[in-house]
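First the structure, which I've put down as structure tokens, then a few questions once you've had a look.
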Amino acid sequence: MSLNTFGHLFRVTTWGESHGPALGATVDGCPPGVPIDENMIQHWLDRRKPGQNKYTTQRREPDQVKILSGTFDGQTTGTPVQLMIENTDQRSKDYSEIAEKFRPGHADITYWQKYGIRDYRGGGRSSARETAARVAAGGLAREAIKALVPNVEIKGDMTRMGAHEIDRANFDWDQIDQNPFWTPDATAAETWADYLDGLRKSGSSVGAIIEVVARGVPAGLGAPIYGMLDTDLAAALIDIIAAARSVSSLA
Amino acid sequence: MSLNTFGHLFRVTTWGESHGPALGATVDGCPPGVPIDENMIQHWLDRRKPGQNKYTTQRREPDQVKILSGTFDGQTTGTPVQLMIENTDQRSKDYSEIAEKFRPGHADITYWQKYGIRDYRGGGRSSARETAARVAAGGLAREAIKALVPNVEIKGDMTRMGAHEIDRANFDWDQIDQNPFWTPDATAAETWADYLDGLRKSGSSVGAIIEVVARGVPAGLGAPIYGMLDTDLAAALIDIIAAARSVSSLA
Amino acid sequence: MSLNTFGHLFRVTTWGESHGPALGATVDGCPPGVPIDENMIQHWLDRRKPGQNKYTTQRREPDQVKILSGTFDGQTTGTPVQLMIENTDQRSKDYSEIAEKFRPGHADITYWQKYGIRDYRGGGRSSARETAARVAAGGLAREAIKALVPNVEIKGDMTRMGAHEIDRANFDWDQIDQNPFWTPDATAAETWADYLDGLRKSGSSVGAIIEVVARGVPAGLGAPIYGMLDTDLAAALIDIIAAARSVSSLA
Amino acid sequence: MSLNTFGHLFRVTTWGESHGPALGATVDGCPPGVPIDENMIQHWLDRRKPGQNKYTTQRREPDQVKILSGTFDGQTTGTPVQLMIENTDQRSKDYSEIAEKFRPGHADITYWQKYGIRDYRGGGRSSARETAARVAAGGLAREAIKALVPNVEIKGDMTRMGAHEIDRANFDWDQIDQNPFWTPDATAAETWADYLDGLRKSGSSVGAIIEVVARGVPAGLGAPIYGMLDTDLAAALIDIIAAARSVSSLA
């Protein structure tokens, strides 16, 4: 049963709701001897953190990660690593009106029918906030991969917003940290900013395409079928509850 | 570890290669009291069976399923159901030339690098023949669903071949068994037949789109994230090793 | 892979070391609608808590549990329940001498050989302190069982210390909370106290036998083999790392 | 859910009933390159086979194993290995009287209450015959261990029957194949034969103790808790459904 768990040997179980005291990830199966500290994980959470520019949700969360277990002297020990992020901006009152309403596109009705109880303060597990726990676990996974297979390089970027695609001739990895869209095409970043400003004023939103590039990956990862690398990636992407909303929330 | 297993409560582990003595599916967690016999499963295998028309692979396999365990007096007992299909058309000699070659698009090199050994007689687990085991297990799953939730209806059809889409105005479920493409649009079936004949003569192939429609599905199936219904469906589809080849093999 | 997980539908993953910031249990699969608050779990942790009488380890820990997720308005919601216990009595300096020594009976050497790194401050996952996380999860499990099958009653008691067995004629469940040994035989409690005082003075220790009684359990729990109730209970008991030490630590 | 599965990386799912067409084991996760053929597995099944002497059940089964998948050219390929044993001595008529009776000690009532259906022809999954599938999978496991860790040696013997223990001074591994009890003490074998003859004539039976010795096992197998080697062994032993009957069936 993988209700809230992802992975085979390196298993990530995320837990927590957007309006509870905390959320996080229990990582079981992390190899020992991986150099890790909170700053290395915080680096990725800071990049995910909302409220950094006008295009993202304005919820303010410091999203400070704490490592509660599984490390000693700056290294993993092979025991479960507990990564916790406390919720500080719970703003329950802002959501009071929602208690008696089912919001469209948030699985509220399904949740109610399945469980017979609903935390009306927010999206609960269906909130995009759940991805903070994944980002934390992903930060640890990156270091684990680095320790095991030094030359693997994994990078992500955004290649399209609505009908506007990047021009691959302008592709420059160094650009992805220079604009709010993590796009490698500096020209596209400008076009998209104007485009998104227009959409925001009209109260609309738009989809986008991101790509992830992994280099130096050893041959034969995953199983021939069922546990294929492709399968796991597809499942992990679909699992992102707000996948279809990820860019609409920018608008 | 789900190397060769799909599912949570109803768990299907497929086994077997295209050139071994047999292949099949071990189904664990099937509810008791599901009416089942070999004919009910054979019905679906017969629809999948290759060699039925000029558009499919010409390998001739009767694909007779045997139920080796888990049933008594025409009902499941709650114990593991073993579904076995013996390979009869092994034709090893036909593949002799392949022993010293890596075929493109068959994961031969990856398999070799991962395992250090390769069954050069055929695709092994990477063969589309593995789907016969899924069809058998799916036949049992259909009956289990019927026993548990009587009104669920699940149907599939083909809606597009290459650039040719069906006309939804012609949609008729009764048509899907009347043509070799399981398309609900009788007119499309004719167009596609000509189109595919042309492609075959030119030695080419083409992709297609199928759709699956499920009606009467209870609300709340699956988990809110990770074990989502969407996740499992996406994984199951990606898992079909020959997904990208399924229609090209028609040509 | 069940490295740190116990259970099938109600799955408990314990995490944390005796000398890290916290330890706890991630419970996935808890049914929704189970009435729960921290006090209901604290009740059981208080009974486990060391330092309550002269017979137990003198480490002082308040062992306050916090529910970080999975509940709303005093009920479980069906999402993962995170139970955290912060370590307050870390006393790292007390263990400084151990850094260069492998303690007998603590799996120190095995751990070192397996992982190549060792948290020398204490037993880590091999510490009996890990059972605090189980007790917390068990407290939740009790309420989940109560919500699902109201008449189940589960009690435990100690029936033997060294060669001294209880007299079943004196058996009185009401006694188990009246003595430091949770024995239902008031006379045995007195004998054992003297016996254990003598052992403590001589620097020795002794084994004991506990029994757990469950009444009102529905027929057919567990699977016919492999996932048998017996199997799971046996595994859970063996899993208690300090099983062989549980009473020796009293002495 | 491990309803019928044992193991973590090397996973064994047994299937089949004593009165169906066949039983067997689906082994997923077996490493590639393990030299194996049917004779190597048959060796162990022949040692388990009933009807070899007057002390065992008189059911006659050749218990011939067939390898249906997962091997090529005498080696495992890394894909699932299907081991099948066909039932030949089904003797359904012998059991006809049982159809309307619940046998004591065979979990018949529990099975009936749990599943609502019962294969009255025999013990089904609760039959000691299920262990044939384990022996087959164990034969493969032995070869896999040998291929991975050449110096591991695993042997079993019987050390006690009823009140009669072996004399360790007589211990000789070479004796275990020379008597029907696999005891290393030739003198004990004689005593036990007389003792068991007496028990059989009086219609009674008796328990026994076996021991398994593994030498050359690498340090650190298993996890510190939950997935401990001890846990898995305990679970596997308890899982043998007829554990308490294994010697009574000798009498």
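Each chain carries a letter (A, B, C and D) given by its place in the written order, and its residues are counted from 1.
FYI, a residue touches a chain if its C-beta (ideal position, glycine included) is under 8 Å from a C-beta of that chain, and two chains touch if they have at least 3 such contacts.
All values reported here derive from a predicted model rather than from experimental measurement.
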Co-neighbours of chain B and chain C resolve to A, D
In terms of mean CA position, the chain most removed from chain B is C
Between chain B and chain D, the Cα-mean centres are separated in Å by 35
Rounded to the nearest Å, the gap separating the Cα centres of chain C and chain D is 33
Among chain B residues, those touching two or more other chains are 1, 3-5, 8-9, 14, 79, 114-115, 124-125, 224
Within their complex, chain A touches chain B through residues 1-6, 8-9, 14, 107, 109-111, 113-115, 124-126, 130, 219-220, 223-228, 230-232, 234-235, 238-239, 241
Given the complex, residues on chain C that touch chain A span 1, 3-5, 8-9, 11, 13-17, 20-24, 26, 28-29, 32-33, 66-72, 75, 77-82, 84, 114-119, 121, 124-125
